[in-house]
Structure formats: structure tokens, C-alpha cells
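For clarity, chains are labelled A, B, C, D and E in written order, and residue numbers in each chain start from 1.
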Amino acid sequence: MTLRARIVVERPAFRLDLDLTVGRGEVVTLLGPNGAGKTTALRALAGLTPLTEGSIELDGVRIEHEPAERRPVGVVFQDYLLFPHLSALDNVAFGPRCQGRSKAEARRRAEELLDRMGLAEFSSVRPRRLSGGQAQRVALARALAVEPRLLLLDEPLAALDAHTRLEIRSELRRRLTGFDGATVLVTHDPLDAMVLADRLVVVENGAVVQEGAPTEIARRPRTDYVARLVGLNLYRGEGDGDRVTVGGLSFAAEEHVTGPAFVAFAPRAVALYRARPDGSPRNLWEGRIDGIERHGDNVRVHVDGPVAVAADVTPAAVAELDLTPGRPIWVSVKATETHAYPA
Amino acid sequence: GSSSTDGAAPSSAAPATSAAAPAELTVFAAASLTGTFTELGEQFEAANPGTKVTFNFGSSATLAQQITQGAPAAVFAAASPATMKTVADAGLAGTQTVFVKNKLEIAVPPDNPAKVENLKDLTDPKVKVALCAEQVPCGAAAVKALDAAGLKVTPVTLEQDVKATLTKVELGEVDAALVYKTDVIASAGKVTGIPFPEADQAINDYPIATLKDAPALAQKFVDLVLSQQGKDVLTKAGFEAP
Amino acid sequence: MRSRVPWLLVVPAVLGMAFLVLPLAGLLVRAPWSTLPRRLSEPQVLEALRLSLVTASLATVICLVLGVPLAWLLARTDFPGRRLLRALVTVPLVLPPVVGGVALLLVLGRRGLVGQWLESAFGFSLPFTTAGVVVAEAFVAMPFLVIAVEGALRAADVRYEEAAATLGASRFTVFRRVTLPLVAPGVLAGGVLCWARALGEFGATITFAGNFPGRTQTMPLAVYLALETEPEAAIVLSLVLLAVSVLILVALRDRWVGAAA
Amino acid sequence: MRSRVPWLLVVPAVLGMAFLVLPLAGLLVRAPWSTLPRRLSEPQVLEALRLSLVTASLATVICLVLGVPLAWLLARTDFPGRRLLRALVTVPLVLPPVVGGVALLLVLGRRGLVGQWLESAFGFSLPFTTAGVVVAEAFVAMPFLVIAVEGALRAADVRYEEAAATLGASRFTVFRRVTLPLVAPGVLAGGVLCWARALGEFGATITFAGNFPGRTQTMPLAVYLALETEPEAAIVLSLVLLAVSVLILVALRDRWVGAAA
Amino acid sequence: MTLRARIVVERPAFRLDLDLTVGRGEVVTLLGPNGAGKTTALRALAGLTPLTEGSIELDGVRIEHEPAERRPVGVVFQDYLLFPHLSALDNVAFGPRCQGRSKAEARRRAEELLDRMGLAEFSSVRPRRLSGGQAQRVALARALAVEPRLLLLDEPLAALDAHTRLEIRSELRRRLTGFDGATVLVTHDPLDAMVLADRLVVVENGAVVQEGAPTEIARRPRTDYVARLVGLNLYRGEGDGDRVTVGGLSFAAEEHVTGPAFVAFAPRAVALYRARPDGSPRNLWEGRIDGIERHGDNVRVHVDGPVAVAADVTPAAVAELDLTPGRPIWVSVKATETHAYPA
């Protein structure tokens, strides 16, 4: 393990308590809702926020008492924090200079990095004149320039446009692959998380709620937040082998579970009917439409009832079924599309 | 030379006459008169119940400037005839009278480290000497005295006023300085004064005058200063009668 | 968690501190402490102290009211001659205070350019009054405020002001509700400089307002007169002035820091 | 595109400007211009001017070297007694300059606490030397720098310093390469205050360093003495001092603003 | 039309020249790569950057000479710019106060808005203590509080997590629907753009390159940037009815076009083969693998050759075909999945 940390930070109205291990060359992504404590965790790792308790071990060395400047850590901040008085080039060359490289060497290295970020022509520009995305890329280059053994990124791709994002994501991916240190990344974007992360750590309210490979988490979310994140409907109930009881409903699922269990299915697996359907789908209940919004090419319908559920239907269906908020509606999910797993 | 008003009956002899309205009298006086004039002011108030004497002490030059700019002063007591002349030239001063003279002495620290005994010793380049600047009365007097003695002294500093000069001696920064006898007395033993004969050729006159539009009370105050009672207070502080 | 001590900063800082504080120690050592109680019970001393505090505070208020907008004008607007005006603001700093007092007499004195008009129109004359002391102190102290606040304004992020403008705030509202709170530390620093300078003001005050006990005799003037008669008393008076001002500054900062946290 | 003129700001700003500049106008009106060429050709005047500029600049350099780190210490670190020290920094502001000069003599004079040791060890004594002028000016002017810079430091965003630390910068490097450039406008403002105050310094200088033409007689001393005999000459000398300082400040600003853009 | 503007802003190395019209109640999204000039355009509309040329007409009134504070405009800035000295509540109440409402009224309105943003409990908190996403929501509430007739949003959802984003997106959608003014929104996120926009304006290098309904643009991108944005391969060639010639290749497509034409197809329509396939797909060429990256559940393979193309394949296929960078590969696209339209 490269990084092994227990991070406890106490704030007046908030407590963060995370165990975090990151292997050699591994990329761990912290995913969590706003205010979950992701930034706080990164700051603690970087040495900018003192730990209330806990320890941080990097390559076998305890660093929690080292000051920030002596931790072999590179940080990309959520709002860039590029030095306003230095050109893009000098921002990037700052770290190498601090590491004792000659001015020429540091500038050469910075030029190379900016070039790789597609910013060669902006090297003499001050941050105030950079657009949001340009600034973000300079910040990324600046953090990479110190060749850190622990790389911390707080929403590194948030300000990038889709085009640039693809490129920078690949660039980042490539850097991270050739990087034998540990990487901790914070993002809100499930796609970024899925693409970049070897392992996801989902944080809510200062604590880890789920941890694992992206595909595993996408398949078996354990909290409402994660479920929504990956676009699933998720409920917690009690399994008795065949069926899982949630609220007043009893769900049939692909898998057999006994004891506390989760039930999950995708919004596109949900069918809506004006009248009670006759057919065979065994998971059926009546609800009331709560809200409707466009979602990609489809329409996402939120239905209240014994359980709240999201359904994706085609725009044609909306017109055909005359779906309007407040209207009662029948909801059905096929058992073959419903997954159950132990809670 | 002094002018006429000598010998008039001291006004303090007539206490009851002007008791009617509480009257205020504003006196502008050179800073070196602070102690003596404050005492005289109290005596004046005691002798003239219901009157209040307010002093404005400062550098004579500043006071002259203020008076020519319309300051509400009734009496001006200056530390040099030159400053009084500024006021007189502006047509603001009444009759001027020299009420005291001040004489120079050599001031040395009590331990007298440079073993200074007379004016000639000040010419020794190893002796650090402070003089007043030529522009202020004590400096002008020092130049006169040294000229009279035919001596040339190179001071380390030309001070803005006597007090500053004296401070340098008190703190031992200089070995000797030329200051007024009054200042040596006021320093209460922190410096030793050495009189020297050439001082008689460099005596500084202090003129006093009532000012334009001054109330009658102003002349009474001037009279008090010129009276024997005034002389007593002033000579006690080291001033010499004119 | 703390870094190594940055000696290259701490050593000069400590030297600087020593340079400022040692002379004070010299005064403390030399002061005739035994006479302190007697001094403090003299009504004239207390009166001078009160007058000093009142006039310095009033002068600071005037400087804030006129100086902060002036700093804003210099920092945030562009008009012909702005650079020259900005340099002229430093004039009262460079002017020897006694000359400053003379200049004030020439303008606001009974026979001054503006003063004679004040006198004939309102029968009101500034020199030799407490108001005159306030004017002299404000004149000498205002540049400190203006320059400090202008520096703070230039260092502040104007994008917050833009955001306020898009919310419908007029330039004055932007100034009052956004700019001013953002540069509060700078205004405080400038205010402290200004107040302290006003409190220590001597030359312009004695020249413009004279030296009348209870009316225009502030502590520095009392110290000057004490130097004429009893030099050691002057030291005691200075220390009293210092102690009071340090106490007030410590109390103010606490209050202010408390409010901002 | 411009907003309406914010009268509530512009009116006090113009009043403030008038208050600062009008007395100068008074001086200009009264100055005996005809004697100006003669004055300017007097070697003593030029010497005093040169001495003033040199000593004020040296004093400013000393203040920057010692004062900026001191401001940093007060703004960025926490140690017991910091609040008291911060208030003590303002002491030389409040101290009447003449008393300040006495305090310096008590410490650095021939018989002073530190001075007697300097004299016996190096045969070196500060009073009555040009170095003494620089010391007196630095003592009086340093608080202006420290307070202005501390204000700027407090208003600056510390997150940039954090970012620099994560890039491996020691606290001193952070200070030099990030903090200092970020607060440059504040340092400039403080430096201007400091220089101008040093240039106008009179009381502490004459008390500590004395008055000797060519060695310790700066312009304010020359002005003061001229006031004693020829008030109009004093006005001319003051105006010369003002004109030179305004010119230098305008030039400096242009240069500095040009470099920052 | 509510907004009718021609915005020209000249900068040393940049020129922005846009024509923009937004109808009553319409939401127009500006989409474009970093540095395209989107923020500059919003600033010009808000009155923060002077126009070099052009005019801005809102509800029939010319406002380009009005100062910012007298334009009936609300702005959400890219980096929030919440007033650091005011609580969240006072930040939101700032606008109503400036509009002359009483303190109590302004605060009531602000409370209501914060509540709707799910931030009721943070109303007394200073911005520095808010997490990135919380701050963004306060900024949104602050802009909405002035009831503007033109609402400008610069990446309003960028810092929100997926969960909150869904909610705030709906909230925003609802507000915008009930809002009869014009809305101009800048975003990098194609999903946000598709969901929120009635019309997309794609800006590149200071100029409009494409404009239209989201679905239309998604179907028929006209620049490489737009194509990548919506995940299509796009080429420009010459049509002769049956086929379109691009570089050395000749594409068969669903549609018939004559003259300059675009050819577009999705990465998932691309099939890869180790050896030349025998079957019937008519669009076939040989290339060389340029890069491989995970993309959602699939793998995206970039192939260089006569034209550069992106292909989405399953992870299983990667193993089976032994896809590694540098390897030659055959690429084929079915004509039925290839669309052609006039350029």
C-alpha cells in the first residue's frame, strides 16, 4: 500500500472520519454529495487542515506531522488558485523551482507540460486572462510538475468542456497509469469517476458508505445517493428467499436473498399504465405522478406511492398516456430486471 | 534700552476696582517664560478677582506668526527683539518694553568629562559642543559672545532652541553647550553652569508689549511684569533685570 | 503540522520589533515613577489627555468621512489629473507640521483666504479653538488614511463589485455594502494610523490652534511645555499618553476582531 | 456604459481633496516667488534637500527590510503577547517626536543602554551623524509601513499561500514569491507613507541627530530654523521639498504601475 | 423576441462577434470549447464588459448604454463570487434590498429561495464555510432573487454533484418554465444543454458555428467539436447522390446528398476486425489503433487512417481482438447507420 490513512477532522457542525488506503499506482475516487467532506479530506491529506485524530502513512512513512511543503503531494484545487501575478508558465514552473531545479530546467519542464495540455500558446498569459477551462488545465499542469507521490485532485475536470475533457481525461489517465504513486480524486461526475477510478469510495456526511470497483458499485448501490448517481431506483427491505418486502410492497427479483436486502432496478425497466394492466409482471403498484422532466432523449417521470420511483419513457409515451403531474398511474417492473442483494 | 512706563503704581494695589465683569486676558509668551509667567498669572488673578489669564506659550517666532495672522492676543512677551519687531512692523504692537535680559553660561554635565573651565576650552576639537542655531536668540547671542572673545568653535550641532541644547548636555551627548543662565537654574542640578566674562557682551533682551485692540487689563498685566513683584519672580528664575 | 521556523523572516521581524520597542524601554527606565501619581492627579494633565483623545477621535471621524471616498475616487475612477492628485494627497505628510500649521493659518485663519469669509459670514473663526485642533490634526493625519485605504482598494477583487452591480446596486450601494466590508481590514489599519498620528500631532496644532490649556492644549503640547520646565515630567506625560493609546488600541482590535470572526 | 455619478461618494471625496490641497494653495499664494532662484542656488539648501532625500530613502529601505517581516509576523503567526506587540508597534506614532528623539538618545546615545556599548566596542556613536538621522527617521516612519502592510496581509487570500505550500515552497519562499507579490499594492502604499513621513520628519531627527548643515540638517530642520527669522523663506523651502517629493512620487507610481500592468 | 443582440467585443488576441436572439420564455444555451468567448458574451450582456460594437435590445428597449445595475439582468457567475462578508441569507437578500424592498421582505424572499434550494439550514453560514456545491446553489438563489427579465448563467450546475444536480436542474427547469423573460446559459455539459435548452448556440473562436434545437444539433453536427460533444464521428466531403467522398474514402449513407456534405455516425456503429472482413458492409478501410480508453461500460478505441474514427466496443472484444495501440485494424460502418446531410 502506498497510502494508508485514517482521517478524522472535527468541525463545529461536522465530523469527518474516513479510512483510506490507496495502492501503488491505484486511483481512488471520492464520490459524495455536496458538503460530504471530500475537500476536507483532501486538505487533510495535503497538510492544509490539521487532523483532529488519525494518521497518514505514505510509502511506509508517517507524514501527518510533516508540514504541507514537505509532503510529496501534488494538489489541484477546486477553484484553481493559480497565482495571479505569475504567467501560466511561471505558475507551472513554481513547483520545480521550489524543488531546487534551475530556472531554465524548471521552465523547460513547465513548457513541456503546458504543451501536453494544449496550452503552449498561453504560456505567457496571466491567469486572469485565461478562460475557466484554460485555468483548470494550467492548475493540473502545475500539480503534475512537482512529480508527487500522492496526487490529490479536487474536481479536476469540472470546468472543462466535453471536447477538452475527453482529451484531458485521457491525458490524465495516461499520466496516472505511468505513475506509481497513489492518486485520490474528488469528482461529482459519475462518468469521470467510472473512467478514471480503479476504486470508488463513496462518502456521505463525513463517513464512507460504500467502497469498491466502479462496476460493482454501479451494479449494487447501497445508498439512495449512489443509486441516483448511477441512475437506479433503490430500496431497502427484508428478503425471505423468493421475495423482498419494501414498505407495503413485495418485490420478485432475479436473485434470492434472505434477511435485510436491497432491491434495485433501472428507470428504463419501469413501465407505466393508465389502467391496471392484466399481463404477468409481478411487481405492480399504483402511484401518483410527482414530476416530469426531459432526460436525454427520453422523459423521466417521478412517481410517488408506496415507494417513490423514477421511470424513463419516450416522449411519445408521455403524449399517449397523457402524463401530467398529480395524475394516478400504475407502475410495473419485470422481475427479470429487478436485482436483489444483501443489505 | 527700556522705555517709559517704569515706576507706575503697581496695579495690584487696586483690587476692587474692576470686579464687575469676569474678564479674560490672553497672553502670548515665549516658551522660556513658562514657569515665571504661570506664577505671575496666578498672582494677577489673585489680585484681580474675576479675571482669568490664559497663556499661549510657544516659540516666539510661531507666536509672532499667529499674531500677524489675527490671533486674539492681548499681550505679547517675546524672547527676542526680532520677533517683536515682526509684530510691530505689522502695526499690531503697542509700546515695547524690555522687561528682562538673559545671559549665557557654559553648561556642562555634573561630572564635566571634558574638564571645561572657560570659553576657550570649547575650541578644543576633542570637546563636543552644542550651540543654538544662529536663527534663534540663544544662538545669536552665542555668536556675539564668541566673536567678542575672538574664538572659533566648531559645534557638533546647532540646536533649534535652548531646551534642546540643554537636553544634549543633560544626557551627556555633548561635553558642553552655551545656554541661558535661567535654563541652568531650571535644570535643577542636572547640569552645571560655568559663567564666563564674554557673556556680558551677548545679552538677550526680552521685550513685552500690549497688542492692538487689547483690553485695559492688558496694560495692568504688563505693569505687573514690570513691577518689583514681577522682577522678584523673574530674577529668582535667573533672569537679569534690564 | 507547523513548518520549520522561517528564520529569514523571523530574525528581521524581531530586530524590527526591538528597534521600535527598545527606545520605549529606555523611557520606562528613565521615568521618575515616584512623581507619576502626583502628575496624574493634576487636573491640567487629565484635561490635556481628555482633549487629546476627543480631538484625535473627531479628527479620525472627519478623515474617515472625507478620506475613504477620496481613496475610492483615486482607486476606482479615472479622470484627467488623477495621478497628480494622488501625489498631492501625500503633501501634508511631507510638509513639516509647523509649516502645515502656517498653511492652515493662511487659508483658514481670521485673515486667511477662506477664513476671513467664514468670519464675516458666520462670525466664526477656527484658529485657537478646539475645532481648530481637530482641523489641524485631520489635515496632518488624513493622508495616512487615504493612502492605506487606496492600497487596500487596489488589492481587492473588483469582480465582487461587478457581481453587486448586476444585482442592481448603485455605485454607492456597491461601495457601502460590498467594497467597504471587503476592505475593512485596510480601513481599520488606515484608521489606526490616522488616529495615532492625530494623537501625537504637535507642530501643526500649536501653530494653527495655539496652546491654551483646556481648549487647545493636547498632550503633546503639554509635553512640550513640560520639557521647558521639568524634562522628566515630559517623559512621564509621554508615557501616560502611550499607555492610554496602547490600551485603547488593544481594546479596539479585540472588539473589532471579535466582531469580524 | 458608465453609471450615474455617485454623489454621496464624489462630494466628500472632493471636499477631502480640497481640504488637503487648499492649504497648499495658501502657501503658493503667499510664497515670495521672486526669491526662489536665489534660494535654490544657495548650496546649503541643495545640500539639505539632497540629505533629506538620501536619508528618507535609506530609512525606507531599513523599514522595508525590518518592517515587512514584522508585519508578516503580526499577521500570519500566533504567539503569546502578539496582540500587545501589535499595539506597541504604534507607539512611535503616538509619541511626540521630540520625546521619541529623547528615547532614542536614552538607548542609542553616548551613554545610552546600547549606545555606550557601541561606543566602547567600536568607538562609534550615532548621534550627530547622518546615520543617526536615518535611525531617527526609520524609528518614526516604520509603524506606518508595518500597519499598512499588516492590513494588506490580512486582506489577502491565504489559500494562495496554501497552494504554494503544497508545491513544496518553504514559508520563506511562499512569502517571497506569493505573499509579497500579492500584497505589493499594500507594500507600495506603506512604503510611500513611510518615505513621506521620513522626509517630513523633524522632532526626532533634531533631538537625536542634532542639526549641522551638510551632515544632519535635513530640509524640515532648515525650514524650521528659517521660520524663526524669515517665515517667507520657510514657505519657499517647504514648497521646494513638496515639489521634489510630488515629482518623485508621480514618477515612482508611473514606473511601478507600468511594471505591474 | 425578448432579447435581440449583436455582441462584438475585441481583445488583443481575440474577437467575439455573435448575433443572439432569445424569445419570450425561451432558454438558449451557449455551448463551446474553453476560450470560445462564452463568458465574455455573458459579461457583455450583463454590462460588465463594454461592447466594441453592436447593440442589445431587451423587450424592445435598447440597453447597451445602460450601466450594469440598471439592466434587468440576473447573473450566476462561473466562480460564484458570493460576498464573503455576508451570510448566505444576506447574499440572497442583497438584490431585493437593492431593488428597494424592506429588510424584512427581502429576507423573507431570500429564506424562501434558500429553502427551495435545500439550503435552509445554511442561511446563516458565511460562504467560506460552504462547500463548492452549496456555494453554487446560493449563487443561483441570489441571481433568481432579483426577478430578472434576462437571466444569465455561467456554468450554473458545474460544481453540483449528480444527485443535487438532478434536483437543481429540475428546479431550474421549473423556474425557467414559469419565467417569461429570456435565459442565456453557458455550459460544457451536453446533458445539461440538452435538458435545459430550448435552443443551442454553438460558439467556437468567438463566432456561432451552429444553432438550432438540441435534437437537431445532436443529429446533424456541423463541426468536429459538436460531433465529439454529442459523441459522433463527423467528416466533411463531397456528395454525388449515392455516395460521399471523404479524403480517399467513399461512404455509402442512408441519405442522398449532392455537393458539399457531412457524413456522421456513432462510435457504437463502428465494427473492428483483425483481418479484412468478407461480408457486405460497404464502408470499409484499414487503419492503425491510436489510443484506447474506458468509456462508461465500454471501451473507446481511436483509430487513425484515411480518416480518424472513434469506435466503442465491449471490454470482451478488446481482449478477443487483442487491441493495443499501434496495431493495424480494419474498420467498417454499415451504410444504414451512416447519415449524410448537406454541409
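Assume a residue touches a chain if its C-beta (ideal position, glycine included) is under 8 Å from a C-beta of that chain, and two chains touch if they have at least 3 such contacts.
Since the structure is predicted, the reported quantities are computational estimates derived from the model, not experimental observations.
Counting only chains that touch, the fewest steps needed to get from chain A to chain B is 2. The leading chain pair by number of C-beta pairs in contact is C-D.
Centroid analysis (C-alpha atoms only) places B farthest from chain A. A straight line joining the Cα centres of chain B and chain D is 35 Å long.
Centre-to-centre separation of chain B and chain C, using mean CA positions: 34 Å.
Each chain gets a centre from the mean of its Cα atoms; for chain B and chain E, those two points are 88 Å apart.
As a whole-number value, the distance joining the C-alpha centres of chain C and chain D reads 15 Å.
Touching of two or more other chains is recorded for residues 47, 67-70 of chain E. Listed for chain D are residues 3-4, 98, 102, 106, 165, 170-171, 182, 224, 227, 231, each touching two or more other chains. Shown for chain B are the residues that touch two or more other chains, namely 62, 65, 167. Listed in rising order, the residues of chain B touching chain D in the complex are 59-62, 65, 82, 128, 130, 133, 135-136, 155-160, 164, 167-168, 171-173. Across the complex, chain E is touched by residues 31-36, 39, 78-79, 130-134, 137, 155, 158-166, 169-170, 173, 188-191, 194-195, 215, 225, 228-229, 291, 293-297 of chain A. For chain A in complex with chain D, the residues that touch the partner chain are 46-48, 67-71, 73-75, 77, 81, 83-86, 94-95, 98-99, 142-143, 146. In the complex of the two chains, the chain D residues touching chain A come out as 159-160, 162-171, 173-174, 177-178, 181-182, 184.
Residues of chain C that touch chain D in their complex: 3-4, 6, 8-17, 19-27, 29-30, 65-67, 69-70, 72-73, 83-100, 102-104, 106-108, 112-114, 138-139, 142-144, 146-148, 150-152, 154-156, 165, 170-172, 175, 182-183, 185-186, 188-190, 192-193, 196-197, 199-200, 202-203, 219-220, 223-224, 227, 231, 234-235, 238, 241-242, 245-246, 249-250, 253-254.
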